[in-house]
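Input: structures, listed below.
You will see subunit A twice below: alongside subunit B first, and alongside subunit C after that.
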Partner chain A sequence: MIQTVNLCKSFGDLIIFKDLNITVQKGECVAVIGPSGAGKSVLFRTIAMLEKPDSGQVFINGTDITQKDVNINKVREKLGMVYQGFHLFSHLNVLDNITLAPVKVSGMNKTEARKKAMELLSMVGLTEKATSYPHQLSGGQQQRVAIARSLAMDPDIILFDEPTSALDPSMTGEVLAIIRKLARSGLTMMISTHEMRFAQDVASRVFYIDEKSVYEQGTAQEIFQNPQREKTRMFIRKLKVFSYSITSHGFDMVAMNVQIELFCQKYNIESKKINHIQLVLEELILEVSGEGESNRQLKIDYTIEHSEERGEILISFNYEGDFFNPFGSEGEGDHLGIVLITGIAKNFDHAYKDGQNTININI
Partner chain B sequence: MNTTLIMSGDYSVIIVEGRVDTTNAGEFEKEVMAVVESGSEKIILDCSGLKYISSSGLRVFLIVHKKMLAKKGCLKLCSLQPGIKEIFDISGFSSIFSIFPDKQAAEGD
Partner chain C sequence: MEFLESIVNSFTNNLILNNGWLVVLKGLWVTLLITSSGLFFGTVIGAILCSSRLSSIGLLRVTAKTVIAFLRGSPVLLLLMVFYYVVFANSRIDAVYIAVIAFALNSGAHIAEIMRSALSAVDKKQLEAARMLGFSKIRAFMAITLPQAGRIARPVYQNATINLLQWTSVVGYVTITDLTRTVNNIGARTGDPFFALFFGILIYLGISYLVNFMFTLKIRKRKAL
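This part shows the complex of A and B:
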């Protein structure tokens, strides 16, 4: 139904996407997610040929609409688009906004167009606003009218470009409810959204757009519950990450702790948890740096990931060298540091691959 | 980390403030051991201002404890903040030390 093949788009030197390939089947509801500026809106506009791609192809119902001989207006009759800014005609009332295209473009008679418009207004819960003008409506109501307007053309496909991003949170729900209803009806839809919970509920598949292409795609379950790639994971879990490298035994632990504290304070991490993070890291560094081996080159890299959504901290601690699992060590010493780490951690594990030890600890 | 020594009755009270970690455990040990070796028989470590302690700091507590045991003296801890008490509980140190809710309780025992 929708297919892009090696689609490329740039504005001057700024590459928006490169060799982007997607396929959306008939009846699918696909959510397009990704950071702001990743090119989601440009992708939608390019699919609708409101932006001309630099190269590549866009197929709608099997027709390559990038070809010059294609009647793009005819294609757009079956390709509805709902924008974040509503784009209603301010001088027309609600009914006229909805009937304009069916009458002018499709040649539908006015009575029939009005009857259909009233059915659509009923569907979006705005029958009583038929004679109102856009400025008399709330943002949520305007967006519901915009949805009714795009449905008036009986489209095969609707592209929703961040349909709720211009709305107050109090109005978001009413628009999402309409889109949910449409998704259940089997209409083919692509929705770019920052409403992750909504995307998870409504989408059969999800495209995560980043690094100028589809960075990861899968079912909503796969993308939201078990994302495979790092950036997807960071985006989905709203991860904030602090990274630090240690290359010398004489590193400045005081300065490191100040940086950790600043990072944690920025994301309102409670002071008890800050102490736990610092304690786990101090003990791990002591364990793996080996007090008696100060001549050995030290190479430690760690990250602290804070999931705002789950309120969890994941410390990923990497160090080069021979296999050394401090949790399995039965060597000398009181292992007091390990006792503290294991007492604080929710869970922990150690892995070794290609000369690299990795410890993951959840706090 | 900062320590302040005050005398309270028979007790030498060492008020510990801030963080005791691997960067200053040596200094902390030196300051506390100076009190131990000065002949004080009864020492209270007032931890009301102690914000953070790692294994390096705990080991200093243990060294002082052993030293006091060896000279048949008395070492008490008081006013541990919840986060510090948690670390003592995890490490098992809560069962090694005599811990009191405040200085008054420690002196009265």
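This part shows the complex of A and C:
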């Protein structure tokens, strides 16, 4: 239904995407996710030929619409687009917004177009607003009208470009409900969204766009439950990462603690938790650095991952050297630090591989 | 009583005797002719200048920009005199037509800028939304951008019309007997300039109100639709 082949697009020196290949089958609902500025909107606009690709092809229903002799207006009659900012025709009322294109483009007669518009309005729950003007409607209502306007042309495909990003949380629900309904009805659609839960519910497949291309794709299950690649994982879990390396015994622990505190404050981590993180790291460092004595080169790397979604902290702590599990030596009462750590951590584990000890701790 | 009597006297002297009112009507006709034709051709010229100004062809854009800047920057009276005494000095064209040309050019430049600002104030994404529904570029412009730009431009366009009407009062400089010239002549003849000139102002005021009324009429019609 939609296929792009080696699609490239750049604005001046700024490369938006390079050799991007996607395929969307008939009846599929595909969610496009990715960080802001990754090119989701540009991708949609390029598929609709609102932006000309630098190279590559876009196939809609098997026709390459990048060719010059293609009547793009005819293609767009069957290719709807719903925008982040609604863009209803502000000089026309709701009913005329919906009937304009069927009457003027498809040549449908007025009574028929009105009848159909009223059906669409009842589907989006706005029959009583038929004679209102766009500025009299709330954002959510405007977006629902925009969806009805798009549906009035009986499109084969609808592209939803961040349909709820301009809406406050109380209004996103009503719009998402309509899109869900459409997805169930078997309309082919692509949705770019930041509503992860919605994407997970409604999409049959998910494209994660990053690094100027499709970085990872798969079923909603695969992408959301078990993302394979690093950036996808960080994006899905809303991970924020802090990493630090220690290479000498005389490192500046005070400065390190300040950095950790700044990182944590940036992401609104509560101060009790910050204290715990600092405490755990201090004790671990002391344990580990004390073991090898000072004649050995110290090599410790650790990362603190903060998952905004789950409110969890994961510390992964790496150190070079012989096998040494600080949690292994139970019963030797004098390791007060270890007692502290086990008290704070939700769970922890230790692994050893190729001269590397790894400790993972959840807080 | 005396005051009232003097007004009646002035009225008779200025307007009734020697068929003064007929002369006033003639002057009024000339003023209206110059204003309405100036506005009509000005709008046509404005549309042409505006579309050239927004054209993708660089040369056309620069030319339009220069022409607009020149016409807007030069006083309409001087423009009128240049046309009358220089450009058409040796031709037999009626002064009224020369005035129409001068005012059409001057208001055309203003109207071009009014149109341009109105067009740029319309949400361009709406045009794009129409294109996504299958409209061609021109049809989308006619169905979406033009009606909206029209609404935005209306109050300013209305002002430009009134402005044009009032500026036509300078055509007396090039021998045209318009409303202003007429009332001035009558005042000079009867030796009662206050009444005659004041009467002239009242007529201009009346036309201005009529113009404003006509513009609101158009809106009411649209709202009824």
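We take it that the second predicted complex is superposed on the first by the 325 of 363 C-alpha atoms of A that agree within 3 Å, B and C clash if a C-alpha of one lies under 4 Å from a C-alpha of the other, contacts with A are read in each partner's own complex, and residues count from 1 in each chain.
By our rule, contacts are C-beta pairs under 8 Å (C-beta built on N, C-alpha and C of every residue); 3 or more make two chains touch, one makes a residue touch a chain.
Every value quoted in this text rests on a predicted model; they were computed, and no experiment measured them.
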Scan A:Lys52 for contacts with subunit B and subunit C and give back first, second, both or neither. neither
So, does A:Ala101 touch the first partner subunit B, the second partner subunit C, both, or neither? second
Using the touch definition from the top, say if A:Gly85 reaches subunit B (first), subunit C (second), both or neither. second
Per the contact definition in the header, classify A:Lys353: touching subunit B only (first), subunit C only (second), both, or neither. neither
Contacts for A:Lys74 in the overlay, against subunit B (first) and subunit C (second): which applies, first, second, both or neither? second
Touch test for A:Ser150: subunit B only (first), subunit C only (second), both, or neither? second
Given the touch rule stated above, what does A:His135 touch, subunit B (first), subunit C (second), both, or neither? neither
The answer to whether subunit B or subunit C touches more of subunit A is C
Is there a shared patch on subunit A that both subunit B and subunit C touch, and which residues make it up? none
The subunit B residues in contact with subunit A across the complex are 21-23, 51-52, 54-56, 58-59, 82-83, 87, 90-92
Which of the residues in subunit A come into contact with subunit B in the complex? 253-254, 271-272, 275, 278-279, 282-283, 286, 334, 336-337, 339-340, 343-344
Which positions of subunit C touch subunit A when the two form their complex? 123, 125-126, 128-136, 139, 143-144, 147-148, 151
Along subunit A, where are the residues that touch subunit C in the complex? 48, 50, 73-74, 76-77, 79-81, 83, 85, 87-91, 100-101, 104-106, 146, 149-150, 153
